[in-house]
Amino acid sequence: SQADAAAKCIKGDRKAPYTIGWANIYSVPTWMKQTQGTIEAEVEALKKQGLVDKLVVTDAQGDANVQIQQIQSMIDSNVDAIILIAGSSTAPARVIADACAKGIAIINFDSLVDTDQVTAKVNTDSSQWGDQAAKFLIDAIGGKGKILILNGPAGVSVSDDRRKGADAELKAHPDVKILAETNTPYNVAPAQEAVTSLLFANPEIDGILSLGGALSAGAVLALDKQGRDQVPITGENARQFLELWKEKGLKSWATMQPNWLGAFATYTAVQALEGKDVPAFVKIPLPVIDNSNIDQYLARAKDFPADGYIYSPYDEELFKKLLAQK
Amino acid sequence: MTAWTDSAGGRRARAILTSRPFLTLAIVVAVWIAASIASRGFGAYGHLRYLVELGAVIGLVAAGQTFVVIAGGIDLSVAAIVTVSAISLPLLSWQADPTGLASVLAVVALTTAIGVVNGLGVALLRVHPMIMTLAMATFLQGLLIIIAGGSAVTAENPLVHWLGNARPAGIPAGILLWIAVSVLVLTLMHATPFGARIFAMGANPLAASLSGVPIISTTLAVYGISGFTAGLAGVLVLGMNGQGYVGIGDPYLLASIAAVVLGGTSILGGLGTYAGTIPGAILLVTITALITVVNASPGWRSILFGSLILGLLLLSGREQARR
Amino acid sequence: MAPLLAARGVSKAFFGNPVLRDVSIALQPGRVHALLGENGAGKSTLINLLSGALRPDSGTIEVDGRAVARMTPALARQAGIAVVQQELSLTASLSIAENIGIGAYPKRFGLVDYKELAARAKAACKLVGLDEPLSTPVGNLSLGRRQMVEIAKALYRRPRVLILDEPTSSLSATETKILTDLLGRLRGEGVAILYISHRLNEVMALCQHVTVLKDGTCTADRSLEGTDAAGLVRLMVGRDPGDLFPKWQPSGSPGAAISVRGFSAGLMHDVDLDIGTGEVLGIGGLVGQGQEDLLLGLYGAIPARTVSATVNGVSGLPGNVPKANALGLAYVPADRKREGLHLIHPIITNMMLPSLARLPSLKLRSRKAERQKGRDLAAQLSIKGDLQRPAQALSGGNQQKVALAKWMPHDPLVLLLNDPTRGVDVETKREIYLMLRAFAAAGKAVVLLSSDTPELVHLCDRVAVVREGRVVRMIERAALSEEAIVSAAMGAERRKVAA
Amino acid sequence: MSIIPYARADGALYWQVQARRNIGVRSLFLVVLAFLIAYAVLFPGLFTVSGFAKFTQSWFPLALVAMAQAILMLTGGISLAIGATVSLGAVIAATTMGGPLGIAGGAAAVALAGLGIGAATGFIVVRLRLPAIVVTLAGSFIIGGAALLILPRPGGSIPAWLSDLLAGDTPAAFVLLVVVVLLWKLYLATPLGLSLYAAGENPVGAYRSGVPVDAARVAAYAISGLLSTGAGLFVAAQTGSGDPVIGTAFTLNSIAAAVLGGIGFLGGQGTMRGALAGSLLLSLMISVMFFLGFTPVAQYVAQGLIIIGAVAIPQFRKVQQ
């Protein structure tokens, strides 16, 4: 029965239909907007099944302190579940613990919090991301050469984890020389600016290890505008990058942070509230885009915003499979 | 007393040589020379040209900001306006317009209108500029949630593409645009009655109003100009990046203010010139580029960036005493 | 006996322009010492040296006969020197008491002792007749009251040496009386007093000794005994003075420049007033009865209502300043620093502003024409020096001239003047008076609000006396006298009628 | 000087002055009160000890940074480095308090860093006469960089009992706020503190009156730095850890709170109680909009309207009077 539900934080005293709170850190960026789209679609589906009656959305406007306050308000208004993209990997830990103690199902996805007081965490493996990206690039440049590394913003766990994940591969190949590294927001413009300056400072570049967001598109544009040959580059599933990839005929590799993590988190929360056991950490395998399947992605491009991300398809079967893994 | 007896030309030359804009320009040149010695590629013509092209975006945003600051205000909504401009341009595309000019005009009209609304709040509701423009930035965030990603069509606007990529006579179109805007702005600022009113309003709004300066319409115009130039910057940055995205304008808020102040315009209003903002903008992108090529941890890079700005400010930034 | 405070051979230059050259002055206890000179002669600069606000380039400052190496305001205070500046040193957001005590607060356990402060500030206020609650923010006070706070602030410091820089220029007659009585008593206590004023009758009545500055050099240092006002002026300008007030001649021509019925604005309510072309209409009354609102309302600077109004042939009030300007109205405010000038801007920019405000926004300016116009105006009003300097480098009197001059290219039909001769030296006053009469003679109208009653009497065709927001009496030329104005202002007649 | 009589001491002056200071912010107080009532109606749990505790905890750091910004603006300064300084305070706390320095040592380090950074900034702005806005913009990069050096990614820890004490279910934050406000009143009652206003509004006049203008302004920067790192310490305790970019949003929020509270940019205008009310309004607004069920778009629009309204409405009232 529900009384001895195995999932963490679940006390079994909450009955469907449930109220779900989505504690978003910042709802304006397109990735977030797309993610919210998958959440809303999932909520619609669950409403039809009578499992959910309301979705409450907050937007912390990028401020981790405001997010804490909003999670507190969710606790105060006694929502049944909170799905959460954290604005800081440490800051919300205590308020989440409070929520957990109140029997609220908490599913943390994308940006994770260093705490075990959650029902489940759902994410791809950032370290693996870095590792696989490095592997591809080192392979592509033939095990030796000069590379640039483009990181996301400094002081943020995700960008740090991805970078650390690449370390082992890089150390294993002493012939791969790191010319320079940058930290910029995951955006096109700052990446393009930085790479352009680096191109002038470093006449010879063999490859670019770009660790996420729209950084790769910026790098490709920079090379293109300076009339330089494109080099092997890693990236993420940003539509602009995928289109440039095709247009410039790149040899490339990309993975993604699928937007349906949001839908999946919602699904997981309801499953947990329904008394199902859910794993404490659901590792989402990294979907890989390479020259073999890029066309499949681009074929669906028109369904996605121009400045958005083309994510892999998903359905309930996939969710069930993910939850079943141990 | 010798200053009086000098020839008028000599006095003028001296005034220019000791002026803040010239000083800022001299600093830019000095930094360029030093950096090119340290790193060969930095001083390459192509790189310097690229820096100026990047400076054009800041320079455009800072043009409106200079007007606003001289008029005694500040515009914290420029970043959001740049983003709105870059995001909404693809939404305002018409098949019937092969050049793309109509969409650009429509977008710039929109951002000018946003600026005018800022002006209305400041002049009529008497809301402090910082609050009014901050609130406007917040509104625009809401607007962006609605419009962002709304169009699945990439910005295929020929004019925008041209602005971001073409190099007529080897000079990037963005720089040409900046030059044209600069000439207009400097003329407006220093050679028209409108410019004189702005300086008067910024130095002492009460005295200006009693002298017959139409405060309300001038305020509307000033914030409208800021919306206009931020909108233009949005168009340019869209062309340079091929794609607009939410957050594309973010770097330009503090950069525009810093360029204005580094160029010698008083943040208290009433004194300054766009002639200083121009090298101020180039100085900022130069420092950013310099930091990029330095190999250091993010923390040290940030410290270096701040120290450089502070150091350059020491060279050029004394506030004139008032009151 | 050693002077309490003295300057010996001091010189001072700003940016290479000498302002004071080898000036000496000695302040003796129990003596009121006048410091006279034209605008820009260097008076304020000299007191700034004496009080440590500025440091001399050469020469020494002596306290009790001993040279002080580096005078600072804090040192000066310790030496018992207090300066009354022109409402310059006050902080609007602080209360009267906090302003009075600032820089010299009584302390208890390191904190400001408000009890003690209240006691001492109250005592000082009483002396100058300030009866507002001590907690009133100074920003809420009129110019005149602020000046009284400034004086109270000096007294609070229990000075041995009291320096006053044009203390009476924004004071009413009553307040001036209080001040002169007070200075007499302080003198009796052995305080050394240095007194700067452009009102020579005050100087004659109050002072025993005079130092005269001309272009930064000392031209006289002598006892006032046996000197008359004309002699004083001779000392200042170096030649025989003409009459201060030009001979009055009727210049009124039939026709109304402004005519209002049932006019209300600010403190003023329900006023009927006709201002004729070719006349100088005086506005008198105690300070703060609404006179200023009358001017501002006509000028469109504050909201105003009327039953009916005609301004230069156009019906209705202008409603805003640009419209008022277009109708030929010009306004010269009382507080030149805050309302009249852009202190950080060059003098010429200040002079050109009203013209520029009027031109079409995008018409190109001609700097050459502006420079020419500026030079003409400067010559006309004898404003000396480089017009590219910021207006704040001008002495107070010259600032006033700029505030007036800037309207001249406009060729206004009606001049609304709010105390235009405050802080202006006699020669300049005379020039201004001549200008105003000539202006009226040319068929234009002047509305002259003034706290200087003799000015009203000698200059005006009629004087409207304002009390409690109403024009209580219109005194025609024939009946014009200081007594008539003062008694109407105080409401004496009404009492007489009632009795 | 016997003619200057010695009036009887009047003990009421201090309180009269204090009462006068409410005048400018009365309408803001009304707006805040309305929001408080709305909040209490929407969330009756506010009246429980833990409800009140949580509410004050979310307000507290913003209140501190609003004060930190206000004290600068009163002297005619401003800081764009508040956010970075908060971050630095947080990472210093999170890296020292669990280590050999202990809580007391960590707190001392946080306080010293705040005072030192503030004083240095003040010295640069005041003595070198550089525009505060750019000096502190540069400062924000330097200070933020230092935070990244200390803690390159979120981490560190705060002893759990301290977190529970400051940010548990007791209204410790409220008590702390009261203490801070009392300390502020105490400071404002010292000659140096009271000089703030004069130094901000009329520095030349103040100098001529014997006020140590420069000292007052540098002291204001030092106190501002202390308040900022203090806010960082609290945030670290509240979150149990350190994050090198946690404070970023505080820069603009502190300015918004201060200006909303009636603090002017030219110095000497406004009161600390206004700034506190401004910060309370910003904080309340977030919770009230949540309980009203606003969508993010509506939140953005309403937030803008509330901020403008809170500033514009008093203006309208003034015009009507």
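As written, the chains take the letters A, B, C and D, and residue 1 is the first residue of each chain.
Please note the rule applied: a residue touches a chain if its C-beta (ideal position, glycine included) is under 8 Å from a C-beta of that chain, and two chains touch if they have at least 3 such contacts.
All values derive from a computational prediction rather than experimental measurement.
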Could you pull out the chain whose C-alpha mean position is farthest off from that of chain A?
C
With centres defined as the mean C-alpha position, give me the chain A-chain D separation in Å.
35
Between chain B and chain C, centroid-to-centroid distance (C-alpha), Å
43
Using the average of all C-alpha atoms in each chain as its centre, how far is it in Å between chain A and chain C?
70
Between chain B and chain D, what is the gap in Å from one C-alpha centre to the other?
31
Going by the touch rule set out above, which residues of chain B reach two or more other chains?
141, 145, 298-299, 301-302, 323
Which chain A residues sit where two or more other chains touch them?
27, 61, 154-155
Please set out, as single numbers or ranges, the residues of chain C touching at least two other chains.
none
For each chain, which other chains does it touch, given as pairs?
A-B, A-D, B-C, B-D, C-D
Touching chain C in the complex, chain B uses residues 1, 3-4, 187-188, 191-194, 196-197, 199-200, 203-204, 206-214, 221, 270-271, 320, 322-323
Within the complex, chain B is touched by chain C residues 16-17, 299, 301, 320-322, 324-325, 331, 333, 338-345, 349, 352-354, 356-365, 386, 406
Give every residue of chain D touching chain A within the complex, in rising order.
43, 45, 51, 54, 58, 61-62, 147-148, 151-156, 163, 167, 235, 238-246, 248-250, 253, 283, 286-287, 290-291, 293, 295-296, 299-300
Can you list the residues on chain B that touch chain D in the complex?
76, 121, 125-128, 130-132, 134-136, 138-139, 141-142, 145-146, 254, 257-258, 261-262, 266-268, 297-307, 309-310, 313-314, 317-319, 321, 323
Which positions of chain D touch chain C when the two form their complex?
1-14, 16-17, 19-20, 186, 189-191, 194-195, 197-198, 201-202, 204-212, 268-270
